[in-house]
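Going by the order they are written in, the chains are A, B, C, D, E, F and G; count residues from 1 in each one.
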Amino acid sequence: MAKKSTLKIKPMDDRVVIKRLDAEEKTTGGIILPGAAQEKQLKAEVVAVGEGKLLDNGNRATPDVEVGDIVIVSKYGGTDIKVDDVEYTILRESDILAKSC
Amino acid sequence: MAKKSTLKIKPMDDRVVIKRLDAEEKTTGGIILPGAAQEKQLKAEVVAVGEGKLLDNGNRATPDVEVGDIVIVSKYGGTDIKVDDVEYTILRESDILAKSC
Amino acid sequence: MAKKSTLKIKPMDDRVVIKRLDAEEKTTGGIILPGAAQEKQLKAEVVAVGEGKLLDNGNRATPDVEVGDIVIVSKYGGTDIKVDDVEYTILRESDILAKSC
Amino acid sequence: MAKKSTLKIKPMDDRVVIKRLDAEEKTTGGIILPGAAQEKQLKAEVVAVGEGKLLDNGNRATPDVEVGDIVIVSKYGGTDIKVDDVEYTILRESDILAKSC
Amino acid sequence: MAKKSTLKIKPMDDRVVIKRLDAEEKTTGGIILPGAAQEKQLKAEVVAVGEGKLLDNGNRATPDVEVGDIVIVSKYGGTDIKVDDVEYTILRESDILAKSC
Amino acid sequence: MAKKSTLKIKPMDDRVVIKRLDAEEKTTGGIILPGAAQEKQLKAEVVAVGEGKLLDNGNRATPDVEVGDIVIVSKYGGTDIKVDDVEYTILRESDILAKSC
Amino acid sequence: MAKKSTLKIKPMDDRVVIKRLDAEEKTTGGIILPGAAQEKQLKAEVVAVGEGKLLDNGNRATPDVEVGDIVIVSKYGGTDIKVDDVEYTILRESDILAKSC
């Protein structure tokens, strides 16, 4: 069962909102990204998910991530926003490299 | 129920007309974008919505925003227009990053 | 009911022929675009409409503007032509930003 | 009823063969393009029409011009050819801006 | 009825193999391309035709030229090959401008 | 029967996670890539496979590699990540040149 | 009946593995490519064929070459690999210009 987002914004289309995790922190998925590797990609938690990509036939594809997923993203992707003094990043689902499982 | 636009122009296709909100103002959605963050994206209110994107099969996709929605957009997207001395911006729905909910 | 074009040329595909309106004139739609704003977009009247965009399945999409519509277009779009000593512009429907309603 | 081409070549796909008309001549469609305007677009008569654009499903779209149509084209589009000492231009139907009607 | 190719190679997809004709020679189609015009396009005879363009649905489009057709091509298109000491050019059907008829 | 991944991350879409193999090692597939050739492509073992490429109709294509496959990839493709101190590369299935069989 | 590949690698998607033939050798198809022509394209033998191009509907197109086919390819296409000390080239089927028949 997917968790419900507590964030007051909903990303459009196939966008998701993520919150970057402390790079030294060890997640339940056991992913650690120390040193130089940190400069290439980052762990983050998905906090809001859009309706999904608009297909050629007018339907939307089902997003492949859920609120609460821990994901690996490229450091330089997406747009940073600030909601209630907390920093988030909005990016497209296709910019997510992998999720922990 | 979607509010009805009071604006006398209707954007074409998947375009929407937005009115930028005062960056210091706090909306009902609780979104605040102060300081440096303001230089990257902006809050705005949707004041008119087009018919929706033309699909390959000749139909149009249903727009995912309504008149009255508060949205986050990139500062440099869209074209500025002036109607009855008020400034608006016309941009494509795909340029909207997120909406408050 | 759409007005009939009195122009002796018919634009191809999703093109429309427009006649630029005097920038100071106030239309029934109440759109005024004075000063600096004039350098970014312009009001125009639609005087002829093509058959509509050719779709992947061989049909044509129904144009979303009609002869007589007042539209807002970017100043630098389209190709200028002269018919019976009057100047017109031919552009694609997708280059029209909005129409008055 | 479309006239039959007397030209001994048939353009491929959505191409058409046109013969440029004398710029000072006044056509039955009443189009005149004198002076500076001549440097941007030109009148021409369609002398041969291809089978039509190949669609994704393998069919061909029906061409929207016929032999004998007077059309407006951009001056710099297409490829010039010479058949029996007469100069023609081969271009794609989508490069035709408008036809007289 | 299409002639059968005597060439020992078969072009792939929507490619055709052509043999350029002597520019001064007059074909049965009556096409002459002398002087400066020769620098822009050339007559050629089709000597082999591929299976046709692969469509999105996995079928192939029927080629619109046959072995023996006289075609007009751009001088700089295609790749030159040599089979049994004779020079040919392989190019895509979409690079053929017109065929004689 | 495909082996099950023991990796705690799952790549998104048509991405796969690979572990580069020691270039001197000889695999069961007998592939050796010594010397200069090593600078162009590399052997790797597939350790995790995504859901497959999102198609236009909203379905996903079945991946053509499985966990445990030995593949040849270009040296410079993909993004390097580190999980539990081991280095992996995430890349798209279309960037895999071949698999041993 | 297609020959079976003895190569221990299978190319992905619409890729094929070819072995370049000695440029002076005369094949059963009678293709000779001596001198300057050798600098533009080369003969090669197909030694392995992939599953075929992934179509928009999720199926794969049937490859148009088989193991054992003699093909003409551009000299600079594809990626060179070495298997059991023999040099091969992996390239996409669409990069093959023609096959002997």
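Going forward, a residue touches a chain if its C-beta (ideal position, glycine included) is under 8 Å from a C-beta of that chain, and two chains touch if they have at least 3 such contacts.
Please read these numbers as outputs of a predicted model, since none were measured by experiment.
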- Task: Indicate the lowest number of steps between chain B and chain C, counting one step per move to a touching chain.
- Result: 1
- To get from chain E to chain G along touching chains, fewest steps? 1
- Distance from the CA centroid of chain C to that of chain G, rounded to the nearest Å? 53
- Task: Starting from the mean Cα coordinates of chain F and chain G, work out the distance between those two points in Å.
- Result: 23
- Message: Need the CA-centroid distance for the pair chain C / chain E, whole Å please.
- Response: 42
- For chain F, what residues touch not just one other chain but two or more? 56-57
- Chains encountered circling from chain A by way of chain B, in order, are A, B, C, D, E, G, F
- Interface residues, chain F side, partner chain A - complex: 8-13, 15, 17, 48, 51, 54, 56-58, 79-85, 90
- Message: Which stretch or stretches of chain F touch chain G in the complex?
- Response: 29-34, 37, 40-41, 53, 55-57, 59-62, 64-65, 72, 74, 93-94, 96-101
